[in-house]
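Right after this note come the structures.
In the two assemblies presented below, chain A is common to both, partnered first by chain B and then by chain C.
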Partner chain A sequence: MTTLTIVIGGLLIGIVYACIALGFSVSMWACRVTNFAHGHFVLIGAYVAYTMLGLGLPIYSALPFAGLITGILGMVVYRFLVQPFAPSDAGLQIALTLGVAILLENLLALVFGPDPISAGSAWSAATTVVLGEVRLSVSRLIAGGAGIVIIWGTWWLFERNRWGMAIEAAGENVAGAELTGYAGRRVLMLGFGLSTLLAGLAGVLLLPVANVSPYDAVDYTLRSFVVVLVAGQGNLRAILLTGLLVGLLQSGGAYLASTDMATVACYVLLLVALWVRRVRSGVTALGVSER
Partner chain B sequence: MADPATVAAPASTVDAGPVLLDAHIASARYGKGYAALHDVHLQVSEHEVVAVVGANGAGKSTLMRALMGMVSYSGRIMLGGAAIDGLGTAERTQRGLVLIPEDKGLFPSLSVDKHLYLSSSVGRPGSWSVARVRELFPVLSARRHSAAGTLSGGEQQMVAIARALLLNPTVLLLDEPSLGLAPAVCDKLFDALKEVCRSGLAIVLNEQNPAHVLSLADRVLVLQQGRLVFEQQASQIADLAALARLYLE
Partner chain C sequence: MSGRSTPGNDFAARSWPMAVLIAAFALLPHLAEGLFSGAIRQILTTAFVFGFVAFAWNILSGYLGYLSLGDHLYFGLSAYLCAYLLSTHGISPFLSVVPAALLAAALAWSLARLVAGLRFRGTIFALVTLAVAEIGRVVITRIPAFKGEAGIYLQLANDPGNFLFTNPLVYYYVALGLLGLGGVLSLGAFHSDWGLQLRALRDEEVAARSLGVRIDLRLSQAAALSAAAFAIAGAFYGMSAFFVTPSTVLTIDIIVTVLIVCVVGGLGRVWGPLYGTLIVAAVQIGLNKVGLSSTTAATWGHMIYGVIIIAAVATGAVLRLPDNAFARLRSALSRPSPR
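Up next is the complex of A and B:
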């Protein structure tokens, strides 16, 4: 395998990671909810795609179903758990969504079994494209392309569409949103549904490029956390770049050492980013640099 | 402070146009706490500017919040002849009862343009457009891409007023628009508000500064400890000192 193949493959997986982190960011930044079940919504998307494949349907047909199911489930979680019990307390939100995570994890294991699943050869597009020295699986190319469309769509929603703007507005000031004519709490529920919808779509894209099991969800949540903390909340461009970097680390680390070492590299990236940010804010606070 | 025993009879509305807002708040309270308003009756007619004045804690902001359904109240509120008591704040806003709150209610990280777009896309059809509010407040064009949180207090108030106007309200509620602003900025703001009044919009103004009150209001109400204790046509109030005496002494 050439270095270029590893880099391009890593970047394509990175786009999928960026999609996963994007949903997490929408939840944290726009709705002010820390959702520790985010990775489980990703897996629901992956398992919906797996079910579609089992029924002999193309994997792309899973995108609207997975989005719909995870979006509605997210809104139900927000309306009946987050909003009444932990609308603004991050600690309570983490405890509450961890409970949801445990429930979903066991449900997935009960229904689909604990063993890892993959799209495998069942996916008709699981072939390889050779461009000179670069060999790439079509599954990764399609996942990367679809990921770019999802990221662009999310950017459009928050920059050009009133409902995206309303979600961001309600997250900042619910009363202000109400006084602008938007039912703030309902808008926030839509925003949370959007974040879980994005997770479900990312899950569909993940299945062709990775093996997944019900017990991987926490890892995806934590990796999203890493991307959002490194990139900063709501900064879509930085989220995409950080997702790509995480993909590269994951892909390169797995090739050079092992999958475990690649995961460790992600958390080292987080520590370095937090350290750099702390040093920079400390320097600014001392008035040495105004940036 | 005005003595409740000397309360004048309610003044008739200015040009006796149709009543747009007719509210009778028997009581309003925060949670299960004390009642902040008692038996307040407020009528606002077409083209009329009604000022509500009173000392701090008199219940002026509570009255505004009760009208918007942001605090629980007992009573009846009619807007354009229809009861709006069962409606939430967003629905009241969509029906044309629009409040600019004391804290302006802006979204700090959203740009000026996004504020205007959010409002114009949900607003009722009417004479106020983005172009018209930009003409009223030219700074909105200059700062169109700036986040609201980075604007000065005066600019933020202009965004808040522009956003409210784009909803094309039937009745506009203004809660302490001059709060925290420098006198020169305040004067500019009230010049713009005079333009808004000339457009014929019905306004309920909660304001502490007597000069600003008399520059805009057709009718003045004085609240004292949650009760309406005085009501007078602004033209019948002799001067600023007389008005200030009504609620500051």
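Up next is the complex of A and C:
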């Protein structure tokens, strides 16, 4: 494996991480919900794709299906669990979504078994393309390309479409959004559905690229948290860049040391980012600054 | 409701139900020998230890309201340190648990300091503690002296000086004692000025800070206390099992169990962890009696817990309603100090 192969492969998977993190960012900044089960929605997407492949359907048909299922499931979780019981308190939200996460994780393990699954040749029989020195997996190329389209679509939604703006506005101020004629709470539900939909789509893209097991979900949640925290609030370009960086760390670290050391590198990045943020925020005499 | 006038009497009045319960569990092995099988003893012993840490965790995550999801790191770190020092250097865990607990407390303290000044610190604290625990798990698993996935095994011996007993009933009683200690800690903290400040921060953080209560200090203290309790429990757990492996003492299941215990019993309530311990132990004994194969039972057990957590949050068993802690703190501060 040449260095370039690893770098490009890492960047391509980084785009998918950016998609997942984008979803986490939408729920965290726009809907003000800390969704601990975010990674589990990624896995639901992957397992929907796996089931459809098992039924003999092509993998691209899994994209709309997985998106629909994860999106609707997310809206159900938001409408019937988060909104009535933990609308604003971060601790309660984490406890609640942790409950959802444990339920989903073990449901997946019960239905599909605890062992990892993969579908390396889901997109095409030829799994790699060779460009001179560089060997690239077809699945990664497609995952990266589709990821870019998804990110662009989300950018368009939030920057150019009034519904995306409504979601952001409702997160900031529900009453204000309602004054402008939007059903604020329903808009937030849509926003949360969008965040889980992004996770589900990324899950479909991930299945041909990585081994997926029901117990991986927390890694995806934490990884997207790293991206979101390093990138900061609502900055789409920074999310994409940090996603790429995490992808690089992950594949470079896995090549140089091992997968778990690569994950450790990711989390160390998180600690460094926190430390930098703490230094820059200028801690006051009370030990707290609001910005 | 003032715990300041006659602390001694109030303490006795408030703690007697737990004292009765602990006495009942202490007598159980003698009064109901037929009922008290090895499996039940083991489930109860583990449940009591987890009840002990749940009491301490509840102070941080319930009273103060900052969910810590990484405390299993301190559990595992201490279990590993004590087992390693005993097996290779013959150092008694009674000695090594002290630096282990201090190390855990220092780690938790600095992590809390890192987070305390930031916006969205509730979310950040929960996820960062989990990430740090993940770092710790990988690092500890990779330290050659700790033997990776294989773990460290201790000599099966009866050696009271090194906290090794062939009679498992000893561990049962020590665990029960730890549970009682946790209860005393929980009750004492709840009614102290310190605990009042924690609860005031949870209910009205900005207002409490305006009275001079420092969130960074209180968060660090509560986190360190919880970490130290996890370290003590980890040392106990490693010794009582006679072995430590990453999958037994460094798994996320530990913190999830503690969270379940607290949430089911009532997060932020004085006796919440105690109720939770009893309920969780009952569920486990039930699953044990049904006799499913252990992995299937674990999967079903976890699913039940997931539903229980959701139900507990939904029914408001998780106490987050303002219990006037802030108002009482204000009046406590304006009252002339008895000291």
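As a convention for this text, the second predicted complex is superposed on the first by the 277 of 291 C-alpha atoms of A that agree within 3 Å, B and C clash if a C-alpha of one lies under 4 Å from a C-alpha of the other, contacts with A are read in each partner's own complex, and residues count from 1 in each chain.
Just so we're on the same page, a contact is a pair of C-beta atoms (placed from the backbone, for glycine too) under 8 Å apart; a residue touches a chain by one contact, two chains touch by 3 or more.
If you're wondering where the values come from, they're calculated on a predicted model, not measured in any experiment.
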Chain B versus chain C as contact partner of A:Asp260, first or second or both or neither: second
Which superposed partner A:Ala86 touches (first chain B, second chain C, both, neither): second
Touching partner for A:Gly184 - first (chain B), second (chain C), both, neither: first
Touched partner set for A:Asn173, first chain B, second chain C, both or neither: first
First (chain B), second (chain C), both or neither touched by A:Gly99: second
Touched partner set for A:Arg277, first chain B, second chain C, both or neither: second
Which of chain B and chain C A:Thr34 touches, first, second, both or neither: second
Superposition-derived comparison: chain B or chain C, residues of chain A touched: C
Interface residues, chain B side, partner chain A - complex: 68, 70, 88-91, 93-94, 98-101, 105-110, 114, 117-119, 121-123, 163, 167
Contact set on chain C toward chain A in their complex: 61, 65-67, 69, 114-120, 122-124, 126-128, 130-132, 134-135, 138-139, 141-142, 209, 214-217, 252, 256, 259, 263, 267, 295, 299-300, 302-303, 305-310, 313-314, 316, 318, 320
Chain B contact footprint on chain A (complex, rising order): 162, 165-166, 168-169, 172-173, 175-184, 234
Touch list for chain A against partner chain C, complex: 28, 34, 36, 81, 84-86, 89-92, 94-96, 98-107, 109-110, 114, 218, 221-222, 225-226, 229, 260-261, 263-264, 267-268, 270-271, 274-275, 277-278, 281, 283, 286-291
